Amino acid sequence: MQAITREQLINKAVALLADGTVKYVLGWKKGEFDYDITPAVFETAEELNADFVWNDFCGANFSKYLVAKTRKLDGKILVFLKPCDTYSFNQLLTEHRFDRDKVYAVGIPCNGMADIAKVKEVCGDGISSIATEGDALAVTTIYDDEPVKVAVESVLAERCLNCKSKKHVAYDELMGEDGDTLDSNRFDEVAKLEAMTPDERFAFWQNELSRCIRCNACRDVCPACTCEKCVFDNPTSGVENKAPANSFEEKMFHIIRAFHVAGRCTDCGECSRVCPQNIPLHLLNRKFIKDINEFYGEYQAGAEVGSRAPLVNYTTEDLEPGEVFDRRDTNA
Amino acid sequence: MRKCSLDSLNAVFAKIAEAAELYLPVNCTDGSAAFSKWEEGKEWSNNLNTVKSPKEFFFPQTEDLVAFKTSGKNIEIIDTRKEREDFVVFGVRACDVKAFEVLDNVFLLKEPYDSYYTNRREHGVIISVACNRPADTCFCKTFGIDPADPQGDISVWKTADSLYWQANTERGAALLEKIADLTEDCDTAAVDAEKEKITKIMSKLPLANLTTEGWGAGKTQELFDSPIWAEMSEACLGCGTCTFVCPTCQCYDIKDFNTGKGVVRFRCWDSCMYSDFTKMSAGQPRLSQKERFRQRFMHKLVYYPENNNGLFSCVGCGRCVAKCPISMNIAKVMKKIGGKENE
Amino acid sequence: MNNVEALIPKIGVITDIRIDTPDIKTFRVVTPDGEKPFEHRPGQCAMLSMPGVGEAMFSITSSPTNTEYMEFSIKKCGCVTEWLHQAEVGQQVTVRGPYGNPFPVDDAFRGKNMLFVAGGVGLAPLRSVINYCRHYRENYGTIDIVYGSRSKDDLLDYREIIEEWSKDEGVNVHLTIDREQEGWDGHVGFVPNYVKELGFSTDKTAILCGPPIMIKFTLDGLYSLGFEKTQIYTTLEMRMKCGIGKCGRCNVGSKYICKDGPVFRFDELDELPDEY
């Protein structure tokens, strides 16, 4: 269960609309089921009361929407940010991607979001309703007479299991208690990959990436991917989007993307959340984060606005390319 | 009708695979199912739904059309087409079988025929399976599809211990003949019971009451300018997920790929959700995601029916409902824009 | 159309390149045997490509009555066109077609007085119709051609217009350029205004082709002169890939511009959503 309630969030939004602080509210909108939630712009108390939701399936990170919405909308926007969302928010500000003055950010606590795929692994398909009961979800399916109780903890999204921070690094106003950054085990999976032989590692990624359908959802949702014209949309780049011309190019897409967001990726995990093929794309980015930490010292993209990432900040203490190579050899 | 025990399924698959390449849904390492070529040791997934639809057997995501060699000012055209070998696709759900009809109308039945598609269609045998475990995202019934009675060359019903086979076409009968040693004659009692069970499940689905009311041929003027398109497309990422998991989406791009030794002209799935889909050097008729989003649904629910005697080009497979990153989908669009909620 | 060849092109050879304007060249194309690549009707299009560069749809500007070759007037504005503009005579390209519906030159247009209105490279698709009507002169009434461009140098087919069209009996050519220019003593002003000034009687069938803004204001002008939608035609431009109404990108409403168009009468366009 989330620490803060839907009613509290609606009341906050309604109050800020009423006193003129904001004109729009970026929030989660209810869907057909209890878990298919769509980001939406709300303008009135009526709309909020009718459709606003806040539950264990509100995973979407709104930060990237601010890039388009602040340009399009003619007034201040209230955005609710979970702790991990605030890192993307800061990173976008560092890159001057939206006008901070047009945003009113309210930090909200998050106890982790459930992954509907994991819920379905436990309860099967055919879910007719999901109710929150304390720290559990009561899942009713059309195949069972009684609801199945599932502990939220057991169906948390990967990124929430490895949550890096319960602390908000950006907000105008905070609701509830702020948390701390956490010592997560998020690099354990990367370490496992590093421990593989090159052949094993190649086989691992071959298997995962062979499922890619090149839908571009990972890129389109990624808060680090805000280029006005993406290289994969450029017909003369030779790596245009759409179909892989061969299996090599399919991997190139993800590898190029990982390189492009290296040092800027906050590890928000949206890429893996939206992947229709459950490819653990975050591991590619996390490998870069781990390397950066090890080569240049701890660095968390988005922890503060305006910080210079190690990859764009030359110092004489920087590792020489040769040293990186040596290190790779001992690691491999 | 013929029957075999589930225990003997491996032998049946082996027998079919002797005659032709056999494809069926198998489990992937991430727990989802995908069509894969059968070989000894591969098992039919319990997961009836696959992330990618079987349309790729006839309309692959990428395929070479023709090749060129250039030297100086000269060009040589190389026809790279080959006759497809016979193949069998096992375990296709009723919705996905219906999707082949949608694609046939475009590629097979309207001149000029698509020779690439036709070639594959002529060599593919479809074994469908009755869907006894529809998901919450399913709404095939909305489009008049009965998951208990799937079409295709052969229909198959699965019960707790057996598989029941019924040939619907000559090709299907010929294939059943090949596995006659491994199956036995039976009556339809078990299948009838299974059908009844499926029908009961269908009525319980969350989208059971979704209708096509308000949609169909002739609705362009009424629906095109609805203000709700803007609202519903607001959060659309413009990715191609819905299009690429869709069993009926048929748009494609044609591109050249320089292999270093020559040029291969290939086609690949394209998405009307992509901003460059209609972009020309002279301008862009669909300026924002609203227009692109609208195109996808108008095409499936209005334009396509107009050109195909009222047939909708959605089969309610639910893949886009399950996979959209922002959970916006055709079911929501149908209800909100065409349905009663709009009144 | 032969189904086998639907997406597989044939070889064409560029045998002549005429520089029309600073950014428009006219390419003459035949097969390696020196024949016309295929038969077409006025207003139809063809796909030209250079392997490795891309394929694009162009209107065939030569008239079907030309039995020797095919011509394409192409403005430099994208990958394929830029490549074509640097090509030399003797260069091979690939060509496939014909695509789309033609102008109804042998039925609806027959016996009619014709009014052609074009702007810039918009004359290219109309040239085949104009020359077809000139060839079968007895089948049509008067022919009026209003054509304008940015400057004198930007007028397409200028020599043909002056030396052939304007010398024909019953053919009236009205040229205009956007701004005054040295060495130009003809009309100056935008096409839509010129059409209104000329004040055509409504006993004509009008065909428009040019930039969207020109179409819009010319239409207003024609309506104010009393023209009906049913007597005005145009040809549309959309991004195309397959040319056979399947790949989906030129889909507008239930029509595919490459197959059901590109030629439309304005009352037919009313049936389509405004998305072209």
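A few points about this structure:
Here the chain labels run A, B and C in written order, and each chain numbers its own residues starting at 1.
In this text, a residue touches a chain if its C-beta (ideal position, glycine included) is under 8 Å from a C-beta of that chain, and two chains touch if they have at least 3 such contacts.
Bear in mind that the values here come from a model prediction, so they are computed numbers and not experimental data.
Comparing the centres of all chains, each the average of its CA atoms, the largest separation from chain C belongs to A.
Taking the mean of each chain's C-alpha atoms as its centre, the chain lying closest to the overall protein C-alpha centroid is B.
Spacing of chain A relative to chain B, judged by their CA centroids, is 30 angstrom. A straight line joining the Cα centres of chain B and chain C is 40 Å long. Centre-to-centre separation between chain A and chain C, using Cα means, comes to 51 Å.
Of all residues in chain C, those that touch two or more other chains are 54.
Residue numbers of chain B whose C-beta contacts span two or more other chains: 253, 255, 270. Multi-chain contact residues of chain A, defined as those touching 2 or more other chains: 235.
Touching chain A in their complex are the following residues of chain B: 28-32, 34, 49, 51-52, 61-62, 133-137, 201, 204-207, 231, 234-235, 237-241, 243-245, 253, 255, 257, 264, 266, 268-271, 274-276, 321, 323, 325-329, 331-332.
Interface residues of chain C facing chain B in the complex, by the touch rule stated above, are 1-4, 6-11, 49, 51-55, 77-78, 81, 88, 90-94, 212, 237-239, 241-242, 244-254, 271-273, 275-276. Taken together, the chain B residues at the contact with chain C in this complex read 65-66, 68, 70, 73-75, 77, 79, 106-107, 110-116, 217, 220, 224, 250-256, 258, 263, 265, 267, 270, 272, 277-283, 285-286, 291, 295, 298-299, 302-304, 306-307. Contacts from chain A toward chain B in the complex involve residues 31-33, 36-41, 60, 65, 117, 121, 124-128, 141-143, 207-208, 211, 213-217, 219-221, 233, 235, 240-245, 273-274, 276-279.
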